[in-house]
């Protein structure tokens, strides 16, 4: 789960990593007080998870109070941004990129740093790979002081800035460990004209699988683009919403991705992606309820040899249909142990069991384009 | 540095390891209040570092207040014990040995446990090695829950006692790590008749080399048998006091031990052991001052090829003699670079330089027995 | 004739007394697996499907000489259970749990590498040598998928494996050993690390690799082929060719971000070293025939 | 003709700009050591005795191809400095510092073992191949001790090494390589771990082991001889035969406690496997002649 910038900075501040003076605002009425608190000029930053906020106009600089209020109004009202972070504007001597992430091959923590802060690290990696300093920290080992020095010398820092950087990195590493992070990133880490290092932005991503021991930041509606995605996440059912016509209800992520591909190959479009394999096979009704929210033209159900018998899955789907009475046509390809019984069950409800996945996809695409049912 | 029992138990209590109700007393006048606090019957435990306190009569059980006061008086006045720890007497269902120590070969932390608590582990190792449960914790790894279970199953614990033991061991391990301990031992860990596990005794030994980061327990006069040993320790000069006649001032621990052996071979006896090699070679006067405190019959100085030139060492000794004017005869075997110059310097002060260690030892032994100078 | 597991492998089941553990112990026995013992702390002395239960892996190994272990242990306790197996000298471990924290998986992988052990998973169906033995949760009874043969299958998926493997079987082939490395972002064993085993195995003539978007595992396979670490013919199917960037597609590891992990990149890397890449499951059968003929 | 170090070994000096570091750099160069670089964070660009100084070991290795490093770093920073050297791929490290915490030494030893590196020390004079090179703080100029020859010396002591080795030299011998494993209770390399190196070294005909009370290093040597890991003749001198139990005799590792580590036990173990044990330094020469004749 990605944290919002203000949450990341909350962690930074607690850990002792310098952050700009800031104030979080959820109501337009509080903007004036926020500006008062952080001073002028100030930066107004939309608290949304999407990348490229600057280019998208979601981060604004304001010189005067009036300008700040106007821009905040625009973001909150016209751009529909729920939370704004007001921050003091910093003077920039230098911008640094620094992050702690994971290296799944080496299974180590990977520190990446670059003196080209502000740029995306992927861009630096392509354009000037020499500018990236990498330092791997072995599992079971602590971050050693020599590794911190390697990074700071690699960034070309000197004197006071070296010392400050050498205290910031271990704190980032500590957060990485303590919060089961997949990423702790500061970009840019600004060296101000008066010689301070300050985390001007912050990205922290926490491993969803560690939710049982990382309870501080619960998922919220703000983390998702739609109500349904949020609801599905709360229910623990993998679900993604798109703007096409065919809703997928498949068992197994790999199979779902394959069906997604096939729909595109055959010129169809996907309305939603829902995976109800594994332990979710008993939750056909819940899954179908979510699936129908986006008003798909067709529902396509594909499974093959899950832990549940095919007939059990078929019965679950039949029950769900009886309960929810979907208006969209339903195409099924339910295979595996008990598939004959499954076919019989489906037929009884008027569904035609299809045994070949591509056949089922073709049928769904035709139907989604208004073909005969 | 070994901690006193009451210090170990202070750490245990802080860490959440159950200890008996206790009260530390430094003045006889406070004994009554201590008994009041811990209740009767009570155990009165002399806070000294020597082993085998029970057999030596330094731990006493008292049923009544009068008995307790009498025994405390005896320990403090007749046995000259400075600190007494009064503790509630525990009912014993079972006694367990459990310790975390180091394994220098495997370079792991070594947990040793035995259901034969109360006995010294070395004795158990000889008499019933099967009763010892060993669990090694690799460096860089945390103590894993499975290892705790291995120990608790190995001890044959069940139910509530298993659970309590499984919380105590990780706390011991934490203390071991946090305090740079060479040993954290509970012997016995008592299972009381009402089903509680309580640390009835505690030994913690902290690595002297970690003194720069372990400052909580400073060395005190109580840690040493004599004032001189305490003073030498404060000065950082390795010194041991014995009751023989020849005081050793040698450079290098190995050479000192060899001279110690040779003196015994030749029928002599050692008054004190002082090592002034390494960085201490500039401190001849301090070293000689300590050496003379025990009023030795002879001072024997042996060095061979230290970092310092032999003539520098010889000059240091000559200066120390001039300053301290020792009455005991001094035998010197100072070899290495500049030994000719050293010999000349010594001769000038009336000392006879000897080049062979065994020769020097023989001479010292003769002198210590009243032989001609 | 197989890698990782055959009917001689002495398998332990950690978490054997749980619902999943006992259910799949029955099925593992049913398909021929030599399950010699189970471990659940505090349940020593019990039996599950005739298999003796021990309190600790150390004890179980001492009594049964087990050399492999499959875990039915919740994600929160998986790291401890794997460490317990490694500590007891077990060199082959399968983690079925879905939801093992990434930091735990990294520690498990690091420990396994340093102890020259192999941990398969998490979030996997496990390993199966059809007709002989399995460690995990396969519907081995589906004959049109789990038929013995000479294709080594390695996969990141569950159901998709059935879908794709069935296509190869339909074309007249069978499976030597199928290994699911799992769908997590840090699989404890990576595709490329299986190749030396398949290379050495006489029973494996070709490989069917079922990959998907995200990560770099398929690219590493291409590198291994380039380095001639692996020389047998290979067919690959990679799901997620049309998946949108930045979305996590079901599996934790199935995400393209910052331009990394795209299926197009994987296909290019594989085709460059002579791997036959199927664009859809139905293409797998014909390509496999072509690969074998090579 | 030597173990661990010869005149080809490219040596780095960590902490080179300190008093000790610069003083001994001069002497190491003086005795022939190929000192290629030094490391002191923040002092890159300086020179010490003509040797270039770098900020990090990684950089120093990249520039100089150093394959060994000797540390003149205070005990509190020793662990970090050793880890830095290991991380940079250096396989031979000498720690001269006295007072390295035991927990740090344990971590160093564990890291070195897992990375197949050798860390000598702490609390040692280091390693010297007389006439060729040294890493450490030996008074190599004392000719009646540091004379080239065919005896491999391994020792826990400093001055005692001079005392005892001089006796062997006096009897007509010389030293191939002398390794001080140090007097700490957790030496990062143990006597027995040097034996395979001495066994392989053509320049070493016999071993002189200078041990003392405490620990089990001498017993491990006896075991290695028993296991035929080492087959050359050996003379040993063990200090502390008459030392009282329970007292720490100078070195951190020199203590007999709970009946463990007594010199009597060591001598018995060694004599059992044919080691010639000298009861005093003067007995070493004659025994060495006897050993060589064997």
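Per-chain numbering from 1; labels A, B, C and D assigned in written order.
Here is the rule we go by: a contact is a pair of C-beta atoms (placed from the backbone, for glycine too) under 8 Å apart; a residue touches a chain by one contact, two chains touch by 3 or more.
Predicted model only: the values in this text are computed from it and were never measured.
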{"item": "Comparison of A-B and A-C (more C-beta pairs in contact)", "value": "A-C"}
{"item": "Mean-CA-position distance for chain D and chain B (Å)", "value": "27"}
{"item": "Whole-Å gap between the CA centroids of chain C and chain D", "value": "48"}
{"item": "Where chain A and chain B are represented by their mean Cα positions, the distance between them in whole Å", "value": "58"}
{"item": "Residues of chain D engaged with two or more neighbouring chains", "value": "111"}
{"item": "Multi-partner residues of chain A (each touching 2 or more other chains)", "value": "140-141"}
{"item": "Category of the chain touch graph - line, ring, star, complete, other", "value": "other"}
{"item": "Touching residues (chain side chain D, partner chain A) in the complex", "value": "41, 55-59, 77, 80-81, 83-84, 87, 111"}
{"item": "Touching residues on chain B, where the partner in the complex is chain C", "value": "141, 144-147, 149-150, 153"}
{"item": "Touching residues (chain side chain B, partner chain A) in the complex", "value": "140-141"}
{"item": "Chain A-touching residues of chain C, taken from the complex the two chains share", "value": "75-76, 98-103, 105-107, 109-111, 113, 137, 139, 141-142, 145, 155-163, 166, 183-187, 190, 210, 212-213, 215-216, 220, 239-244, 246-247, 249-252, 254, 258-260, 279-282"}
{"item": "Contact footprint of chain C on chain A as seen in their complex", "value": "51, 102, 104-105, 107-109, 120-122, 138-140, 177, 180, 182, 207-210, 212-213, 238, 240, 242, 250-258, 260-262, 264-265, 273, 275, 277-278, 303-307, 335-337, 357-358"}
